[in-house]
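Structures follow.
Paired with chain B in one complex and with chain C in the other, chain A is shared by the two complexes that follow.
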Partner chain A sequence: MDNVSLFLQTLVGGIGIGSLYALVALGYSMIYRSMGLVNFAHGSIYMIGTYLGIIWYRGMVMGLQVPYGVAFVIGILLTAGLGLILERIFRPLANMDLMLMLLGTIGLGYVLDNLAVIVWGAEGFAVKSPLPETPIMIGGVALLPQMLLLISVSAVLMIGLNVFLAKAKIGKAMRAAAQDRETASAMGIPVNRTNALTFAIGAGLAAAAGILAAPIVYVNPAMGSAVGLKGFAAFILGGAGSIPGAIAGGLTFGVLEAISAGFISSAYTKGIAFVIMIVVLMFRPGGIVGEVTVDKV
Partner chain B sequence: MKKNAGLNKRVVLGLAFVVLLGFPLVASNRYQVHVVNMAGLYILMSLGLNLAMGYCGQINLALGAFWGVGAYTAALLNTRLGMPIWINMPVAMVLTGIVGALVALPMLKVKSHYLALVTIGLGETINIILVNETGLTGGPLGISGIQMPSLFGIPIDGDERFYYLVLVCVVIGFLAARQMMKHRIGRSFIAIRDNDVAAKAMGVNTAKYQIMANSIAAVYCGVAGVLYAHMTTYISPDIFEFKSALFVLTLTLIGGMGSLAGSVVGGLGLPIIQELLRAIGNWQLVGFGLAIMLVVLFMPGGVMGLTRRLEEAGGIRWPWARKRIHEKPELEGPNVSRP
Partner chain C sequence: MKRSLVSILLLLGMLLAACAPAAAPTAAPQAAASTEPIKIAIIGAMSGTNAVLGDWMKKGVTLAVEEKNKAGGICGRPIEIVIYDDEADPTKSVNLAQKVATEDKVVAAWATTNSTSALADIPIFAQYKIVQLTNGTNVDITNKGSAYIFRANPAGPAYETPLVDFLVDTKGYKKFALVTDTSAYGKGEADYQTAALKAHGLEPLTRQSYGIDDKDFTGQLTAILQTNPEVILFGGSEVASGLIAKQARQLGFKGQLAGGSAIATPKFNENAGADNSEGVFATAPYLTNDLNDQTRAFAARYKARWNEDPEVHGANTYDGTQLLMMAMEKACPNITGEAIAAEFHKISGYQGLQGTFNVQPKGETIDKTQLGVWKGGKLTPYTQ
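Moving on, here comes the complex of A and B:
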């Protein structure tokens, strides 16, 4: 294999894992935009979402086995429902100090992680891909079908979300509520309800990411913390609260990670990605897409 | 009234002194003492975090890594060069102080959640170095065979004797923190926390004090690390990570951010409560999470905030009450007026 195809291979892998981060980062971003809440339990929501979908696919609920596509939809809907409940719990948190927000959502993360251990056990399992396991060769680059599925479905979801926010009436209401809460509610937008919907969409996207990635990664109750941290990094890297920023941040982080693993040092993958991120933030303290703000008293 | 309060204070201090000195004698087993020793280390780290975050407003989630730097310094000096804890301690303090200051440099540029992420990234990076520099740190296996210390030929072996060493360090750490907060340093920290731009305009060298705050926090964690290495005689990188930083943050917020006494309450309380509930397995952690959420939603100032609120509402005068000019006003729920 020559260097070019090796690079392409790494790039595709990076984009695959990057779309996973981007979907998770979108959840952070949606919730932050609308409620001003940095949700550190989002990694746990991603984990719960994965389980809520995969348990149907693996026939873990009353032996009822459903096709992957159906399990995918069920998982997203159940997690979105969970998001609605969680939004209600966290409504008061949104106006609090960052430290309290951090702690409150971390508390929720503890609850979700350990409930998952109690219900589904701590061991976890590997999930068989619904697609063939043999890689497809395109121009000397070996592509795993599940990886292609992850990339394409993520792309569809991201484009769909952007169209929804730009065109649909509820989407516009959500953007208005995110921009200016008071004015939006004066215009007759039910801000709390749009916030709840935003939270539900964020949670649903995390579930989608988890269920798509489940056949590639190993499903266990601890899977949320690493992805949650990287999704958060992507969200910050892109510029907190920006939708295109979250996507750009996720893909950048995934590709950086893959390239540093493939070409620099696999042991230091995570470290290199973090160091690059810190350097980026030093030069652009508001993230890649975020605006530059001036400090005022 | 005032005289009475002073007397009460002395009685409480006296009782606390007796309880603290006598604890290892009345503890029913060694494990209990071990839990309290660990709580002592958490108090030290929490004091450091409180200085940086509660007083200077610098979010720091890299504490686990500073703890690790201290522990690894002691472990390496001891196992490779046979150095005793009395030499390792000052060396580790200087080293973690320098690491803390270096780590603070990129932190000067960013704020709030960006700052949180930078500190997480820095902490994780240090942890990754600990895991991967196998030749120096032993990699994921860690370092074993660290000696327990001895003083004037008396071995400080076993948790009961080590308890007194931890106690001395905690008391010194607490008094030093209190002294610093009464000093110019403390006033500058609070000015930066309350409004860094205004502080700068008033002539406070904000960069210097921000670096200092992080460096001091790192030194507290370094001391905890040295004690940890010599107490457990075995260290591995898996505990010096983000999770530990979160635990310290949690107990500090539950005790009371911006209150040194809060560090002691949270640092002692949380590990002990966690130990007591160990029997119910994973439900314990679920309860732990729920408790955190309840504290945040209904008691945002932590335990110390609650005592203060009771004091103001009911006119209760706690024996330890004094004029609290340096403490942060309780973190409030909806803060519309915050700039």
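Moving on, here comes the complex of A and C:
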């Protein structure tokens, strides 16, 4: 393998795993924008979302086996539904002291993790890809079909979300509610309902990420902790609350991790990626794209 | 405002509830009150990526204990098991070791499924004079000078040295790349592989590492493929090694894959997929349930109890528990950690599932492994 294809191979791996982080970071961002809430249970929602989709694909519910695409949609819808319920629980926390928010969301994350262990057991399973497992070779670079699916569907979801927020009426309402809750409320926007929808979308995106990544990773109740942390890092790196920032942050973090594994030291990838993140934030405290100021007292 | 407060209390309640299951012991059924049960503990990874190790340990130990209790227990006393989850975290493990020593007052403990935590727990069990069993493979475990530690399976070099010897002497390979995780287990296995290679005058081309929760190994594998190895040796655990085997094949690696006991488990095969595990060499003290009458009978009983086939961890925890119960019977009626440990050291010539056990002064019990090869999703003994 020559150096160019080696670099490209590493880059592809980084973009793949980075898309996953980006989708998770979007969930953090959406919820932070609208509710001013950093949701530390988001990694657990990602894990639950993965299960809620994959259990159908693997025929774990009454032996009922559905195609991957159908399981993908069911998983997103169920997790979005769960998001609606969680929003109701989180609502009183939204404008409270940071300490209480932290405690509440971390606690809820534990509850979800333990629920998963009770319902599906502590032992995980490998998921078979619906696509061929043999990679497509382009110029010495191996492209795994499932990885391409993850990257392309993530891209579609991210673009779709941007269009939705910019163009759709309810999307605009969500942005308005995020900017100024009181004024939006006075203008007749049902703020609580838009927040619920935001939460549902964030949860749905996490489920999409998990179901897409499931055939590449190993599914178990602990899978959310590492991805949740890296998604959070991507959310901060991109600029807390910014939608393009979450995407940029996720991709950057994934690529940083892959490059440090391939070219610097594989033992300390996490450390290196986080160090670079801290350095970036020292020079650009608002993150790569910039911060959306959430001003709620 | 009032509603908000209620919600916070509710959440705090949930938080406490979430912590509770990890701390609550799962007690075996209690026997008649006249015969006080002998308490032993299992501390291991019951959740997290390594949860499968805890699950296997629980099943192997529980089966051995249930059989003994059915046959009348130890000096008429039943054995009771308390189980704790340390999440493969040495800090949590040490706290739990303290807890079983001071609150549960156990005489023996399986601690733990992971070398890192097992090493951390050694001083606690030595201090409280409690017999400690582990199926971790790191050599340091029996080099800490504790008279209470016993290893129920061969130590790391017993897997890696014969494997490397075979790959170099019989197969004629010279170019090796190592990939392992950053745990004590992973670092240890890769160290023993390196030492075994050195004995043949060879150096690994590269040694790549990853964190135990990593899932994408493109970076490590591209670095490995660049060195153009004939063999990739796995040092890490079953799930990650399986994923690495799959990703290595997907990146076009055509050479030999091989590794120690983690590679001999069904979890490795599940994560690699049968196509990618084909032809992979693994060493383990327990390759197949079909080895002899004893292993076949064990596999049948295990399957009847747990509705799944046993593998090496189920077998070594069963073996270790048999050794422990033998020592308890000899120590009877003096069931203390000190007396049991003294009797444990005297065991020799016990024929277990993994072979013949002869307990050594430092706490090793067995040192032989066999070579196996994956064929059609099944691990079979390799005949040279």
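Worth pointing out:
Throughout what follows, the second predicted complex is superposed on the first by the 290 of 297 C-alpha atoms of A that agree within 3 Å, B and C clash if a C-alpha of one lies under 4 Å from a C-alpha of the other, contacts with A are read in each partner's own complex, and residues count from 1 in each chain.
As a working rule, a contact is a pair of C-beta atoms (placed from the backbone, for glycine too) under 8 Å apart; a residue touches a chain by one contact, two chains touch by 3 or more.
Values in this document were obtained by computation on a predicted structure and should not be read as measured data.
Superimposing the complexes on chain A yields a three-chain arrangement in which chain B and chain C clash. Once chain A of one complex is fitted onto chain A of the other, the partner contacts of A:Ile259 are limited to chain C, with no touch recorded for chain B.
In the superposed pair of complexes, A:Met96 makes contact with chain B and with chain C alike.
Contacts of A:Met282 after superposition on the shared chain: chain B is touched, whereas chain C is not.
Of the two partner chains placed by the overlay, chain B and chain C both lie in contact with A:Val117. When the two complexes are superposed, the chain touching more residues of chain A, out of chain B and chain C, is C. Applying the stated contact rule after C-alpha superposition, one finds that A:Met62 touches neither chain B nor chain C.
In the superposition on chain A, contact is made by A:Leu108 with both chain B and chain C.
Among the candidate segments 75-83, 219-227, 273-281 or 327-335, the part of chain B whose C-alpha atoms clash with chain C in the superposed model is 273-281. Overlaid on A, the two complexes show chain B and chain C touching the same residues of chain A, namely 89, 92-93, 96, 100, 103-104, 106-108, 110-111, 113-114, 117-118, 267, 270. Note for the complex: chain C touches chain A at residues 3-4, 7-8, 10-12, 14-15, 17-19, 21, 46-49, 51-52, 54-55, 182, 208-211, 213-220, 222-223, 225-226, 239, 242-243, 246, 250-252, 270-271, 273, 275. Chain B contributes residues 53, 59, 106, 109-114, 116-118, 120-122, 124-125, 128-129, 131-132, 195-198, 201, 242, 246, 249-250, 253, 257, 282-283, 285-286, 288-293, 295-297, 300, 331-336, 339 to its touches with chain A in the complex. Chain A meets chain B in the complex at residues 38, 89, 92-93, 95-100, 102-104, 106-115, 117-118, 229, 232-233, 236, 240, 267-268, 270-271, 274-275, 277-278, 281-282, 285-287, 295-297. For chain A in complex with chain C, the touching residues are 1, 6, 9-10, 12-14, 16-17, 89, 92-93, 96, 100, 103-104, 106-108, 110-111, 113-114, 117-118, 122-126, 128, 133-135, 137, 142, 144, 213, 216-218, 220-222, 225-226, 257-263, 265-267, 269-270.
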